[in-house]
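Presented sequentially are two complexes of chain A, the first with chain B as partner and the second with chain C.
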Partner chain A sequence: MIVKNDQLSFISGLKEFEILVKQESPLWAYNLRKESLDRFAKRGLPTVKEEEWKYTNVASLKEHQFQIASDSSKMAQLKELKAYYRKEEINLVFINGVFSEELSNLKKLPKGLKVADVNDAALYSQKEAAFVLQRYPQDQDDSFIALNKAFLYRVAFVQIDPKTVIKPLIHIIHVTDAVKSSVSSFPRSLIMLGKSAEAQVMESHLSFSDDTYLTNALSDIVLDQDAKLVYCKAQGESKNAFHIGTTRVWQERDSQLDSFSLMTGGKITRNNLNIVLNGSGAHATLNGLYLINGNQHVDNHTAVDHRPPNCTSTQLYKGILYDAARAVFNGKIFVKKEAQQTNSYQLNKNLLLGPDCRVDTKPQLEIFADDVKCTHGATIGQLNEDEIFYLQTRCIPKSQAVEMLARGFVDDILNRIADESIVAKLNKLLAEYFQD
Partner chain B sequence: MVKPIQENELVNREYKYGFVTDIEVEPFPKGLSEKVIKMISEKKSEPDFMLEWRLKAYRHWKTLKEPKWPNFKYGPIDYQAISYYSAPKKKTNLKSLDEVDKELLNTFERLGIPLTEQKRLTGVAVDAVFDSVSVGTTHQGELAKAGVIFCSMSEAISHHPELIKKYLGSVVPHSDNFFAALNSAVFSDGSFCYIPKGVRCPLELSTYFRINAADSGQFERTLIIAEDDSYVSYLEGCTAPSRDQNQLHAAVVELVAMNNAEIKYSTVQNWYSGDKNGNGGIYNFVTKRGKCIGTNSKISWTQVEAGAAITWKYPSVILQGDNSVGKFYSVALTNNRMQADTGTKMIHIGKNTKSTIVSKGISTDYSNNNYRGLVKIMPTAHGARNFSQCDSMLVGNNCSANTFPYIEVKNSSAVLEHEASTSKISAEQMFYLRSRGLDLEGAVSLIINGFCKEVFKELPLEFSVEAIKLLEMKLEGSVG
Partner chain C sequence: MLEIKDLYASIHESPILNGINLKINSGEVHAIMGPNGSGKSTLSKVIAGHPDYSVTQGVIEYEVNFKKINLLELEPEERAREGIFLAFQYPVEIPGVSSSVFLRAAFNEICKHQGAEEMDPLEFDEYLRKKMKLLDMDEKFINRPVNVDFSGGEKKRNEILQMAILNPRFAVLDETDSGLDIDSMRIVADGVNKLKSKKNAILLITHYQRLLNYIVPDFVHILVNGKIVKSAGKELALKVEEKGYDWLS
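So, the complex of A and B:
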């Protein structure tokens, strides 16, 4: 089935993967993989000549061989994982892309919540078809979405029944630990909230090593009428890893999304967040933070598509760059002709604390309706000299003063997250930068 | 009681400058080939180096493809169906403006351009370009006294070849882009201006461009050189007759500023923009770029873009000298089915370079208005500073306004701010003004004027008045 071709030269273990999935896959999954693989083979890896990838070069992927991971038994650092793990929360743990039953706690789930790694293929197929496929035509999948689907194996699946409020945090944890060689994993999640349902979902991508590996994630979120979701994506991959992820959110009438993304690991990171506001009265908050040092590269792409009238969206992305780190931000806001009374706000703030940082930012507005209020802004700068001087006159050493001010810059956005457990987890990922 | 608006009267108001001058011209056969380029060069009795330069550009152009990235739609352009040279027929060599064809002078009279003696009191030196050639430059005597050279490009090529050799193509090389290459190969005329060291140009310099002939393209080239400690303010205006076919205008403007020099370049562009169904109009594909070579030099672009079916134009500044300053002020108004993709590029190379961008877009009817800008801070540009602001206003529900700002920072000491907003004229604002007795048009005009004020105040006075009038005229009938 999988024909090895040039485009896929950076992935190995295709044969083993084929044998693995054949045992349990239904026909639809087989077809989906095949179609997606063809699509990827046709497109290949994106190059910097493409507008969407102008500032992020993924050509170096080809210098590696990423083994498709299929074995989770050799997980070593469980202790570190515990720090991100609370018993009273609902945890789904994936090790190298494979579901780990003993690490997850899915025994006593609240009523109205279905959480599964999808061995339950029938359920998944039905939902995938009903909720995702019809909303996102396959032929519009970009290279990495196609690549993710081509290696569909396990899916983190969260479904909340209408009018159900789930209090505890649902935490999907992806840990990569390349014990043998460079591995690649293709995490897939599907989060669906029924009418007037409410929940908090966090997706963490972690590693406790400094291995080189590839994570290519795809998350789909569907919010039905009046549903409310708090969603947080935390990326604390190894500093040598590639992380390429896409989160797609579909929002119906009066639904509310409160999303946050933290990108701090990875050598090259690309994170797409695409939101479609499909019912009037819907609101989306997109907040993001990135702290990077060394030669790390983080690329955040957001797209908010305002389709019906009376929707609102606000975006605030903040980042601190140390050493020779490089950040990219591209935020698109589309306001379609029918989307009158849209109110949309976007701001990207960058703090350059290293000597050789680079920032490429491109906020973008495309507006086809006249009765709208849209603003966007971007700033790039350094810490205020006067503020540092003030702290120094209070006997605070300069390095500490810089840290305090940077902390303030970060807290401004972290404080917008209501859930303390999420904040605590994010702070753990930032421990490298702040000695609290 | 507010007088009701005669809708028909307003909507059907036509492009004021759409008349055609009936004048004998000598057009070239249509099409582009090395032969045509040789003919152009021969016609203008150019030195050999120019011909070679043109041919080099042409050969490069043949390897290029028309850019497809701008955000607009138009049919394919047949570059072989354009006549690359068209000039009013001259009988003999002209000694003074009195000998210029009456018809031609009348044309500029109708356009309100002071070419003739009695109007020279206005204090603006004008170079008028009709189709492919310059027909007359005023005030040359007075300028010569100050040491300023202001003449047509052809004249400059024959009289000042050393300056041309040194500076032509130094800011926009022939290989820069598709349209710049085309222009380098076939450019026919344009204005040349040289301000010597320490001279503050005593007059405002101005060029007026007019496309008259059908099926011809206009490819003019402007070069302004400001030596150390000099200053010049330069204005540019454009119109064309109303025709059903699209005509191509691919100009190149190069500015060079040395130590402490300052160049102010203002444009009021009012090419024919096509009728309300989008037939006809000028394709305005222009490459404008200034280079601040010297320290403390300053270049500012101010533009009012109110015409042309398609505008593709990014006046840029390369800030190479330390402490140099680049400024860009723009108002772009689109109506009917006009499409504009315009903005600026600020390339910071020198230390402590500063740039300011203020762009105002107004979009009405079925038009499409884009701001596309680039601010690039190179690793050498320590302490670079940029402030950008781009605001859009939408009038009506069938137009669109887009912003594509690119910000690329490769130096950690840079400070940049960018802000953009999109809004409409609010019902409250309108109600307030109407309750004070302003009619609909008056109220809209007042609000638009306030919206664009920051840019208008950068224009020289006469132009500022003209620009306000122009916007008022264009907006008539599109509101309400």
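So, the complex of A and C:
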């Protein structure tokens, strides 16, 4: 029933996709795809006239034809991939959008943990999961959420039972290796932690090529009462790729999210992180880092919605730009009328090390409660001359001093991540920028 | 070892140093005293090569391997590798850069310059700990970012630790005593005295005579309005302490 539409001219392989999913899908999934596709067709790609997309122009998507990925053609860079992740961790590997059983490691999972590549039909049997997939009002889906849902088929599914603590890292890896043609993939994750459950989940979007492709990702995270999650999204796509992703987090009472976003690949990247603090006592940390060069463009949008009283959130996004790279940071904090005693902090720091780079940063506060503490700010600048001089007087040449200070700027935020395995992976993605 | 000849320097086109002449030999300790704004700190920064200061006249001759070079022609890091060291009045904080990584990088630059083998992290760690004992420093310091959240006293001690590690031939200590309580000052001064030898020289820049009780100078110079107006032995410092600077200008 998928009708080719002008707005979808940059996606091909719709018919094959429809045949693929037809037999297995329950009615709700079928309807969800259809409604989402209609929604996207109506909206089309966002333009720079829309406030939310003012600084990020995705019109160039239309210059391409992205084949919906349906087979995991042989990975050319298996060695690089294997050097990136650890075999002994809990890995869920997708190549070109398709689950790879061979590279994943889902046998002998700890008790109380479900990790799987499931299709929509399997999710349907789980009322809770189906509910989460439909939790947010559909009519508020933006173009790219609608587009992702239009191609809902496989889901990276992580569920942790109440009172269960999972120690090893759960790592969802999406690798694109578009050997044959430009591909598009629509990764979808669903991560659910039961009451008082604890876990660490990382999502990596990678390529070891310089292929042109589109990744349009959507992740949903639900933290039940008192749950604790360390979550990291690492984007190390090809430098010719488009990456447009949204992570939505729903937090109940006293739950804690400690999140980190690294954006370093991609030609054009838009990364949304939307948090709803729905139960009092909940806390969210949103830390982020972007390192980009050449003509790369990275746009981070965060939104934290403080609904009940006594919630806290802290955000620190840091970025280094080289050459003619461009970055956008937009952070919104909403404090609803009931959300008294909210404590919220937001800071965006940028280091401009290229001659033609540019940053647009826009922190926004919308506060309707009267007893709250909210601070926000942004800095854009170059390296401190006194710091460079200090290192020079200690024998360190200027170019090395610059690199050392840039490294320090990065480590200052990486050091906040407690898990060494996560930090090691992020450092691998940053290897281009630092000698060791 | 080092001779400053007729040195004029300015910052943002306002002149600060107005013809300085000073000769320092190996094994000597010199002290420069003077009122606020007399150009003491400027002199230290010009010796180290701070880019904000422009030298409008004069040379700084420095002896390397029995040859005289003009220090002013070298980049700051080249001066440092030739054995020039500046202990900063206000040491800079460097977030994210751990002290051990920073110190090893600095030390290995010297090794490279001298054609010696560089130290690996383990070897350097041992070397560093030995030097830290000299200054009674806490082990925690090793992994902390350079000077971040250090107290005033810790920062000054860290400067002298760097001096101990880099083992310079000519060290300028810019107001190393300011902000130190008496115990810290004794530790810092003991450290400096242990590093003093016949082969190196030290230039102390200070506001107060107090430090000179602990690190005893061979010569004291009084700087006023960017010029040395009087030079004598250590007794000059006591006289200044008693009478102030007015009688000199």
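FYI, the second predicted complex is superposed on the first by the 420 of 436 C-alpha atoms of A that agree within 3 Å, B and C clash if a C-alpha of one lies under 4 Å from a C-alpha of the other, contacts with A are read in each partner's own complex, and residues count from 1 in each chain.
The rule is short, and it goes like this: a contact is a pair of C-beta atoms (placed from the backbone, for glycine too) under 8 Å apart; a residue touches a chain by one contact, two chains touch by 3 or more.
Values in this document were obtained by computation on a predicted structure and should not be read as measured data.
Applying the stated clash criterion after superposition on chain A shows that chain B and chain C can sit side by side. In the superposition on chain A, contact of A:362 is made with chain B only, not with chain C. Of the two partner chains, chain C is the only one that A:405 touches; chain B does not reach it. Contact with chain C, but none with chain B, is seen for A:415 once the two complexes are overlaid on the shared chain. When the two structures are aligned on the shared chain, A:385 is found in touch with chain C, with no touch to chain B. Within the superposed three-chain arrangement, the count of touched residues of chain A is higher for B, of the candidates chain B and chain C. Of the two partner chains, neither chain B nor chain C is touched by A:137. Superposition on chain A leaves chain B and chain C with their closest Cα atoms 15 Å from each other. When both complexes are aligned on chain A by C-alpha atoms, no chain A residue touches chain B in the first and chain C in the second. Against chain A, in their complex, chain C makes its touches with residues 48-52, 75-77, 79-81, 85-86, 88, 91-92, 94-98, 102, 105-106, 109-110, 113, 145, 162, 166.
On the chain A side of its complex with chain B, the touching residues are 51, 55, 321, 337, 340, 350, 352-382.
Those residues of chain A lying in contact with chain C across their complex are 384-387, 389-398, 400-401, 404-405, 407-413, 415. On the side of chain B, the complex with chain A involves touching residues 69, 379, 392, 394-410, 412-424.
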